[in-house]
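Labels run A, B, C and D following the written order; every chain starts at residue 1.
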Amino acid sequence: MTIQEVWDKAREVMAPKCRACPECNGKACRGEIPGVGGIGSGSSFTVCREYLDSVKVLMDLVYEPSEIDTSIELFGRIFEVPFFMAPLGGMNGNYNGYLTDEGFANMSIRGMVESGSLAFTPDGPKDSLFDLQLPIIKDVGGLAVPTVKPWDLPKLTDKIRRAEEAGAVAVSCDIDSCGNLLLKKAGKPVYPQSQETMAEIVKSTSLPYIPKGIMTATAALRCADAGCYGIVVSSHGGRVLADSPAPCSMLPEIREAVGDRLKIFVDGGIRSGLDVFKCLALGADAVLIGRPYAIAAHGGGQEGVVLYSQKILGELRDVMVMTGCRSLADIDRSKLVL
Amino acid sequence: MTIQEVWDKAREVMAPKCRACPECNGKACRGEIPGVGGIGSGSSFTVCREYLDSVKVLMDLVYEPSEIDTSIELFGRIFEVPFFMAPLGGMNGNYNGYLTDEGFANMSIRGMVESGSLAFTPDGPKDSLFDLQLPIIKDVGGLAVPTVKPWDLPKLTDKIRRAEEAGAVAVSCDIDSCGNLLLKKAGKPVYPQSQETMAEIVKSTSLPYIPKGIMTATAALRCADAGCYGIVVSSHGGRVLADSPAPCSMLPEIREAVGDRLKIFVDGGIRSGLDVFKCLALGADAVLIGRPYAIAAHGGGQEGVVLYSQKILGELRDVMVMTGCRSLADIDRSKLVL
Amino acid sequence: MTIQEVWDKAREVMAPKCRACPECNGKACRGEIPGVGGIGSGSSFTVCREYLDSVKVLMDLVYEPSEIDTSIELFGRIFEVPFFMAPLGGMNGNYNGYLTDEGFANMSIRGMVESGSLAFTPDGPKDSLFDLQLPIIKDVGGLAVPTVKPWDLPKLTDKIRRAEEAGAVAVSCDIDSCGNLLLKKAGKPVYPQSQETMAEIVKSTSLPYIPKGIMTATAALRCADAGCYGIVVSSHGGRVLADSPAPCSMLPEIREAVGDRLKIFVDGGIRSGLDVFKCLALGADAVLIGRPYAIAAHGGGQEGVVLYSQKILGELRDVMVMTGCRSLADIDRSKLVL
Amino acid sequence: MTIQEVWDKAREVMAPKCRACPECNGKACRGEIPGVGGIGSGSSFTVCREYLDSVKVLMDLVYEPSEIDTSIELFGRIFEVPFFMAPLGGMNGNYNGYLTDEGFANMSIRGMVESGSLAFTPDGPKDSLFDLQLPIIKDVGGLAVPTVKPWDLPKLTDKIRRAEEAGAVAVSCDIDSCGNLLLKKAGKPVYPQSQETMAEIVKSTSLPYIPKGIMTATAALRCADAGCYGIVVSSHGGRVLADSPAPCSMLPEIREAVGDRLKIFVDGGIRSGLDVFKCLALGADAVLIGRPYAIAAHGGGQEGVVLYSQKILGELRDVMVMTGCRSLADIDRSKLVL
């Protein structure tokens, strides 16, 4: 199976919800919610590609060659790559139901572990989505980050407890799903999360806690003060607030504010190893990739997921060679022209 | 009735003067005066949308949730929303005569009061336009802001006196209609208004006086020194001077100059609750919306006006939730990326 | 005769050399030399419109109304308007020969005097072009500025002497025609002009001397030190050097360097009274307009020239009303957003 | 033979690998590797033209005319022009085999010497490409700069020794070909080159050593510290790393860092004498031109190469006249608007 075959197959089976475009940039699917598009004019999605394309990378071959190391330590574990799968739910809503949630969970969780990485896994209006993933996570030794919706505190901590029981290495909460229409329609109230609430959550669990949907230095500092392990700088794929800036464009400011107090993940429009490199150079520790992994799973199942990971890794290694970066620590702002 | 039905009906009945475009941005009607377009190349209209689209909004969900309050105090009254209807005249000139001026006055004044807001109402070459609105304004308890043309002082103060008698809560004057071709052709002389003249007007009435058509910090300071209650930052819908900048782009400079000495209203290309939010964050106290309310009235009468107000309010509330703003006072520049 | 009729007629008689486009911006005629286009990609022409379109104008109606005065003192004379005709030669080369050089000279020189202005008149490879204009200039009391090519000193001063004899109010020299291919092909050598040479020219004549084709503050200072009366900031219509910036974009820097030591004229893409206003606000004392006057003359003869002048004047007056400028002295940078 | 005929012929014989476009800007051939395109989206190629087009040039005719001198001293020799041919290999891979490597070597090396310049000559996966050029180089008195691939030290120094024996005036090494897929596929390992390795190379040869593929001030300083004679600022034609900035855009920073310690060459999108002028004004001593010389050779052989050189020289001289530059030393940043 080749990546091209995976994409060709995906294009066939994902219609009409996703077109598996050669360039996944949010243009063809503008405004398609449910579906895979950005909200309104879709600019919160398209701006991600525009920003990343505008960032230029500086070649540097004047260095002593050595092995390339793309590994990263997180949650006390070593991962082979600094890119992870973003939580992707709604196989029968945003996507067309070709895959079941359980089918996708198997492909994605196992595929990412096989990739030397892991998946952030989704939650949704129905509890069954969250629950069906727990046995799979347990089966892979906990190598996943369950992402719960920002429910009220009792419901939230209950779900975290079940993640603990499955042995998950960390837990995330996409607080930006406050703007999610599906949850509104389903009568499932979700809430913003104050620093105080976050502190309670952190205290309630042994797992590293990673709020997702942080876009400002101020909010990031509140997460740090609450004792969070990390954050995901994210605009929820451009699906909850129109005219958001590109999450990656906020990285320098956020990193400067929090220093090393938080691990910083970022998502939004990341499509290549070159993009991963740019995000790390802008200030992220690691990135999440969403839609392309959905395409890879639709077109190639677990194997498609692994193939896509290998493609990204190969590109990242190539860029590291061409820029004189031997490990992720070498990837910094001096490698970019903004 | 749905908003979509209102717009579909409007598209039918407004032709050929207004196309009720899905996106009302000044492109289809460039240069159409009389009509609804911007003057010349139309850039003074289109630049409003370009500027507003370029302003990015920062999500922030790290806060303690509470009720959203969109109310605002103006003229000693509380309004439920910070958006008002701009003065819209010329139903049988700029528009195609499908609505009479009186019909539109009823729909707009009553519709805005029903929306928890009010309408700025128009003046024109014929005195009858101004006069026919006074009984309606009286009937709604004065909840409107009659906007007089910048006539010579005797005529101007006479019209203000009649507005007082109708119980209007305030009075405005669109001094930028000096560039209005219809007034020129009708042989109705209008004039710029010096600070001294403004001071005389302010002294002559008990009503708050709000000059409309201010674009610079210098002019705003003169209005403050003249004792005006507020100003409308406006380029007259881009209809009187080609290559004007977007009024909302001037807000930061004007607010910095006048501080709290003036209430600042702004109009020009505002089409959504997100745009209202952006204008408030840029420095406005409240906004005026013009053309879309004309479309709403043509397509749905008073009910259309109310429906459109509800749509804008709903959007504004959503953005406030997503940005951590509980009241209008929380909406400031820190919420934007310019 | 209306301006529209003038342009319609011109479109008919000027083909194929000039298309008399509704918007004269250098796009349709890119690279057409001979012809009316800009050199190479044409960007030195098109950039003029792009720059002028990007300059925004600030409305200001808070002032005491009074009469508008557009007059300007130059060469000890008062002109009614601050715009003049640029030197336009080559009726049978750049244009299609529909007008003779003599016919055009009569229309343009007399038309501009009738407009309360004057024409800068051309020189060319054949001496006859320069000579045929002298009797006409004499006939209108010297109200023209003959523009000689940068010949060697004896030939140049001889031509200036003949301009003096015709009573011309001033004399110009388009030193930027060094890059003119027609002169090269005709074996007529032209030369750059050093400050020392300029000083000799100034000393040799009683007429104000105005070099044309200055683009930098450094060169402008040399002209001032040489005793020149003024300069024309110009890129020769974008016809002699590819990738020149817009002349008007250089005005602020040049004005700051020379202060009041020189009268500053500018040309390049000026098409409306609004453009005249922008150039004056950027630092020019007056402007030259070229191609549109050629169109006006082709389509309407002397009357076309006058009609076009009236159109520009009307637009300029309207902008002055809308911006609170009562005389040209009021037009400054505070009226613009760059 | 005219330049137009050369290009017309080239268009015929180069298909489908190169289209010999009227404007060679990397758009038609985006992503075509093998072929002549830029890698991936092709932006590392197209950005060169975009940047160069954005640089504006300031006319200045206020100076004492004199002869124009375009000569430059390099390697103790005087060359008539400051532009050279970039190393171009792969006649039967990137190009379509219409020319043999030996045929092209003769045309290019001899054509450049006839142009008063010289060619940087290529190396490749097969040693024969390098070897076949040596007798030709010897025959023209060493007037070429053999460019070796960044092999391991023994192989590299051996090739340099053979370049010395052929009498070459200097030697280059395109260290950026680390990203070259053809070399990877051919199992020919190439390596980054540390400052220490460069210092060894410099010590091992009497020839001036010029690393090619430097994009940062940091890397340039390491080359200077290693004792290199010069560098070629280059992104390998945009073929080895996506989203590289335009090499010429890095010139000011690099020149400021190294001062006069290195001769700075630059390549990437240079297509005219105006572009040569811009690159020198930005900080380069001289430029390399690649693809257009390949087109010239395909369409006109050695004569085509010379014709193209003459075209570039004529354009450069014209720009120097129009900007008041009598020698290359006069070409500096004051001539540009960035």
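Keep in mind that, in the parts below, a residue touches a chain if its C-beta (ideal position, glycine included) is under 8 Å from a C-beta of that chain, and two chains touch if they have at least 3 such contacts.
Values in this document were obtained by computation on a predicted structure and should not be read as measured data.
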item: Where chain A and chain B overlap in contact partners, by chain label; value: none
item: Copies chain D and chain A - interface residue numbers shared by over half, same or different; value: different
item: Between chain C and its twin chain D, rotation from the CA superposition, multiple of 5 degrees; value: 90
item: Centre-to-centre distance between chain C and chain B (centres being mean Cα positions), rounded to whole Å; value: 43
item: Geometric centre distance via CA averages, chain C-chain A, whole Å; value: 60
item: Where chain A touches two or more other chains, by residue; value: none
item: Topology of the chain contact graph, where touching chains are joined (line, ring, star, complete, other); value: ring
item: Pairwise chain contacts, counting only pairs that touch as defined; value: A-B, A-D, B-C, C-D
item: Complex interface listing, chain D residues touching chain A; value: 40-41, 43, 47, 150, 175-176, 178-179, 191-198, 211, 213-216, 218-219, 222-223, 235, 240-245, 249-250
item: Chain D - residues contacting chain C, complex; value: 53, 55-65, 272, 274, 278, 318-319, 321-324, 334, 337
